[in-house]
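Please find the structures below.
Okay, so chain A shows up in both of these, paired with chain B first and chain C after.
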Partner chain A sequence: MASTAQAERRPKLAGRETRHGALRVAMLPPAERMSLRAPAASVAALASALKIRLPNAPRQSAKSGQRTSLWLGPDEWLILDEGGGDPLADCRSVTAVHSAAGISHRNVAIEVSGPGAAACLNSGCPRDLSLAAFPVGACSRTLLGKVEIIIYRTAEDNFRVECWRSFSDYVFEFLSVAAKDVAG
Partner chain B sequence: MLLIRCPYCEEDRPELEFRNAGEAHIARSANIAGESDEAFETFFFIRSNPKGLHYERWRHVHGCARFFNAVRDTVSDKFLMTYKAGEAKPDAETLKTLGASAAWTNLSTEHLGGRRPARGKGDTE
Partner chain C sequence: MSGPFRISGAGRLDPERKAKFTFDQKPFTGIEGDTLASALLANGVHLMGRSFKYHRPRGVLSAGAEEPNALVTVARDDARKTPNVRATVQEVYEGLDATSQNRWPSLAFDVGQVNDMASPMFSAGFYYKTFMWPKAAWKHLYEPNIRAAAGLGVAPDKPDPDHYSSRFSHCEVLVIGGGAAGIAAALAAAQTGVRVVLCDEQPTFGGSLRFEMGAEISGEDAYFWAQETVEKLRAMDNVTLLNRTTAFGYYAQNFVGLVERVTDHMAAPGDLPRERLWQVRARRVVLATGAIERHMVFGDNDRPGVMLASAARTYLNYYGVAVGRNVGVFTSNDSAYAAAIDLKKVGVNIAALVDLRDNPSGPLVEQARALGIEVNHGRAVVSTAGRLRISSMTIQAKSGGGERMIPVDALLMSGGWTPSVHLFSQSRGKLSFDAATHRFLPGATAQACVSVGACAGSDDLGTAVAEALKAGEKAARDAGGKGEVSARIRVSASEGWSGGMLGTGPAGEGSTRKAFVDFQNDVTAKDIRLAVREGMHSIEHVKRFTTNGMATDQGKTSNMHGLAIAAEALGKPIPEVGLTTFRPPYTPVTFGAIVNHARHALFDPTRRTPIHPWAEAQGAVFEDVGQWKRAWYYPKAGEDMHAAVNRECVTVRKSAGLFDASTLGKIEVVGPDAAKFMELLYTNPWEKLEPGRCRYGIMLREDGFIYDDGVVGRLAPDRFHVTTTTGGAARVMNHMEDYLQTEFPQLNVWLTSISEQWAVIAVQGPKSRDIIAPLVEGIDMSDAALPHMSVREGKICGVPTRLFRMSFTGDRGFEVNVPSDYGQAVWEALWAEGQKHGACAYGTESMHVLRAEKGYIIVGQDTDGTVTPDDAGLDWAVGKKKADFVGIRGMKRPDLVDKGRRQLVGLRTKDPKVVLEEGAQIVADPKQPIPMKMIGHVTSSYWSENCGRSIALALVAGGRDRIGQTLYVPMPSGTIEVEVTGMVFFDETGGRLNG
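For the complex of A and B:
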């Protein structure tokens, strides 16, 4: 008889870090992630089940404890939980129409922090990352070089970069080289 | 790089985030099986391909992922306006009243550059 298969989590690039002066590019620990799609009429029920606000304006995010919600589109949010909570389980009781897909293992996150963090991202991301256009707390899906990423500004000089796991070698290397250029 | 205003993200965004999705305002028949071959051919294949103002669909695929509509001048490549899917097609009179698009306005260096990063010495890996 075959034994039961066990899924084992193998974090990608776990613990990797590059420093150039005070500018740092580092892999973030695994987190729970959920892609949430819902019409306006379902938002209140979902927000109450998830115990977090679901922003309804472009680039806005909300934070509640270890949980973060990022506006990605008019009916789409990325829910992050860095404290071991399970947003999928929290949505299970919601009867209002919605789509909740677990993507915890699809993405990895890279932190870019320190002076010049925005310039580091701008080496491959054509977005205006000035504080006027992209203030602390802003988030967006966009591009870095050839791949799609999600950026979330957690502080003036701190960005969380989410990318697909299979693109993480490219993204990490890209940002590491960029950090070297920016730090000079 | 061209900047395109996404009506859902409510700001000008780099063209790399977008994909063109062909001519806009082409309505699919409610009774497609009842269409004549000629009418179906027109619906399916025939496009206006104008020199000048063109109504077209775009998708903000690497942003909010939404489809929206745009009016673009195919000669100058200038976007006159963009609007949400489902909104009425703007007529020529409306388009005449539009001034220069914000997307074509140069932004100040301070606005674009933020602040310069401090130059550090020690490089470690």
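For the complex of A and C:
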């Protein structure tokens, strides 16, 4: 039985980054991720177990320590934990009806930061990313070119872009090309 | 001096900034900011092209985007050759290489010109009539020759090395057109604080202020006001200024497409994108698109040197170029007078001004006379002379009588101005005909837009600017703008014209000379009259019969004339004849701009599994499966595909094989009603499946045909791990979500795609357990504890796994699911273990062969959307006691239970060495006459090294009843005899699953 060393984790595109002037596209380190689905009646119990607010309106997110909840749909949240916490474990004791599925490895995250970050995303994302329409803290499941992404604005010039692992080659390349155009 | 026709002190360019370029290999010097047209005219070159059909010599007609004649090819290098570039749009840069088109051997001497003499053959609709017989000749003789003779530029034959960019943009107010009205509207809107985008197709903002020397704002040349105001706008954070940017399409909900030409004017574009596509969503759109001057329709009105009066004025007042030294003018309204006056003032002789009107009057007419210009009123130009350049014009009184020939080297004409309502019309706004001014103007709007300035029929600068300020402010207010608007614009002098004429002058009819309506498609007034005589009564038919307005310029100068001539011939008022529809694009758009980023790696996502790098390092050959790259086979040195696949297949059954199955679709179905939902979506029963066990599930469409299949593991009472085919992953998820939301919304169950959460390593073969077991923690691997078709959660190599015991080869097998980032490391650990047992890695081809040896189907290969579970021999997977599932009614349709349906069976060729072709048709009697009755086709066919023979699956009518019969596969090389068999070719008893 188990005699070998633990398998090494090899995150996709680990450490990749491109810079064009002050505009930067970079892979973010792995994080815990959970897809949470639940009816309204279960939200309070889940929020309490997860120790984070579960927003109930489009574009909204909540942050608590290293944990973030992103509203994706009327009964759907992406829970991120960048501090090593395990949201799946936190939900295990919740008896209220819900679905919690682990997707830590399904997604990867790319950070777009620096002046023109919004324009860089707008190279392939049709959303209005002005601060008025998409303020700091806003999030959305949307498109970049031909693939689905989730964007989360962490600062005026900083976005977290989540996509599925196998689409990250495309998304990283797209954002790099776009950054070059935006930076001029 | 950059050209003998450059007028010192005239124009707005800096004469010190020179740029050398070539036209037809001949060197010229221009000035930065020149267009190719203005730079050539400065050098006295008028001949710039040959016409489309008749190959007539042509010069520039215009000074803008509406240009129909002066089309050239601009080449940066072998690959960067752009045909049909308008010389009036292309800016000159150091080293520009431009070549004329549609001529051979040279622009001045063109063999194709014989078409002009033979023109009676080429009248309107000639290709519908002349080339009807013999029929076969059209395809091989007529069409290729007509296309070769009547082409414009030649498309480049190398891939485009340039790159293109894209930007989505949102704004409250989009102003299209950067003339006086557009600038005013943008200023007012911007002052309210909302986001404003102002775009203009020219390099410089200002529109007609670039050449209207009589326009003054606050006592100053209005052009300076325009530049100052644009700088003011540029300094505002909420304003995006886009010059060299054409709004080409106005789509639904104020979605407007713009193309920004980034580098076409640069000598050294560096690494910039050539063009940038802007897709703008605007709350309000202000259309300030101006107006385009019309030519006059008279005999031989197309000679080089004959051009629009406003074009000549632009060349003089903006580019500092006189278009001739002895210029004639033919007009039906005041605007050409301004051109004549401006030219006269810089010393150009105006040979004569011919005005069709009987008694022209007003300040401009007076001024022209005062300057000594001969004004001939009530007269028309009826013809011109000159071979490669106009040399004279012939004028005649409207009432007829004596003709007078006047030598000229250029002829300016103005038939009045046509408001540019293209984009308004594209927005589905209704145009209304203003009978007083003979023009179509924007009427009822269909979208949130407003037209201002010349495109809305406001001819006077003061009126245009005032309404633009108001409209800009209102648009911004409607979109939420709150700031105070302080802009005041005092127009102290204005130019502005109305009037003019449509169609031909009085001398038009009966003339044998060609009076061109549409220069680019060589359509004459006579052609349009002919179309009406031949029965075309709708303008849409006239357009198609004559091709009027159908060239790349989309009839910007010709549509109204064509319409008027048709209306006259029909004896109907213009609005009753109708106007053809304006469609995008306003001017031609490159494919590059439309495609923008979507090339090479960004053409489509290429998806790679977590184990891909290992397979690549091993020299695997990959195949495309949808967007995925999958390892196809792993050739060793000296092996071809056949040898590699044979070795892999034998090794798997002898020892074991590792297969990367990560691309399988995976869906986590979770919730108290998970089993109920599964019951409804699959044919199989699920309620009684115990946690820890798996089942092969079949999913149908409503019509009863197989949609997808896959092994499903129950992890807990309320949690299923569903797998789908690789190709079906996305659509199966959508199919399930669709049913969940629309048909079964009462169920408490949710779906999460986990396809990419888990890397999947299939370990198959008699040694598979021996390979896996040393690495696993917390899972009893014995047959009793982990029987075939079961699933356990535990750890492998110290990381979490969902370990399935299942087989797609018929041998003992497992599928190891681990979180994706661990996929490659776990594979490597399994590979190391596998090496101890002589295992191999195998690819999708061996996977296909191994499953076919067992008669396991592949949805989409052995099924085609018309195969029921029973057809596929999978009736056992349909829960007979189930009351409902998607497809249950469809399955009972009489034609789906009919005898004689095509059923999946095995085929063995009589000669075991012969491998059938997939897709080959099957007949019962090979001697019957052709066309034979086909009774089925081959769906899968392989060489099976394990069986020592070829194997095949086929859909055959009444197939299971034919087992044992001989059927025939007729092929071009001869008929192949086959025996119908069951679907299992290897280990018929299935003992090896536990072997």
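Assume the second predicted complex is superposed on the first by the 176 of 184 C-alpha atoms of A that agree within 3 Å, B and C clash if a C-alpha of one lies under 4 Å from a C-alpha of the other, contacts with A are read in each partner's own complex, and residues count from 1 in each chain.
One rule holds for everything that comes next: a residue touches a chain if its C-beta (ideal position, glycine included) is under 8 Å from a C-beta of that chain, and two chains touch if they have at least 3 such contacts.
On a predicted model such as this, the values are computed, not experimentally measured, just so you know.
Legend: residue contacts after superposition of the two complexes on their common chain; A:16 is shown touching neither chain B nor chain C.
Contact with neither chain B nor chain C is seen for A:53 once the two complexes are overlaid on the shared chain.
After overlaying the two complexes on the shared chain, residue contacts for A:140 are found with chain B alone; chain C is out of touch. Within the superposed three-chain model, A:63 lies out of touch with both chain B and chain C [touch as defined at top]. Touch criterion met: A:106 reaches chain C, while chain B stays clear of it.
Once the two structures are overlaid, the count of chain A residues touched is higher for C than for its counterpart among chain B and chain C. In the superposition on chain A, A:130 makes contact with both chain B and chain C. By the touch criterion stated above, A:72 is placed in contact with chain B alone, chain C being left untouched.
Within the superposed three-chain model, A:119 lies in touch with chain B and with chain C [touch as defined at top]. Contacts of chain A with chain B, set against its contacts with chain C after fitting on chain A, overlap at residues 119, 126-128, 130, 133, 180, 184. Residue ranges on chain C touching chain A, taken from their complex, read 163, 165-170, 195, 271-273, 276, 279, 281, 597-598, 601-602, 604-610, 628, 668, 670-672, 748-750, 752-758, 773-777, 795-799, 818-822, 824-826, 829.
Residues of chain A that touch chain C in their complex: 1-12, 30, 35, 37, 39, 75, 97-107, 119, 122-128, 130, 133, 145-147, 164-167, 169-170, 173-174, 177-178, 180-181, 184. Against chain A, the residues of chain B that register as touching in their complex are 1, 8-11, 13-14, 16-17, 62-66, 107, 111-114, 116-125. The touching residues of chain A, counted against chain B in their complex, run 18-23, 58-59, 72-74, 76, 115-116, 118-119, 126-133, 140-143, 148, 176, 180, 182-184.
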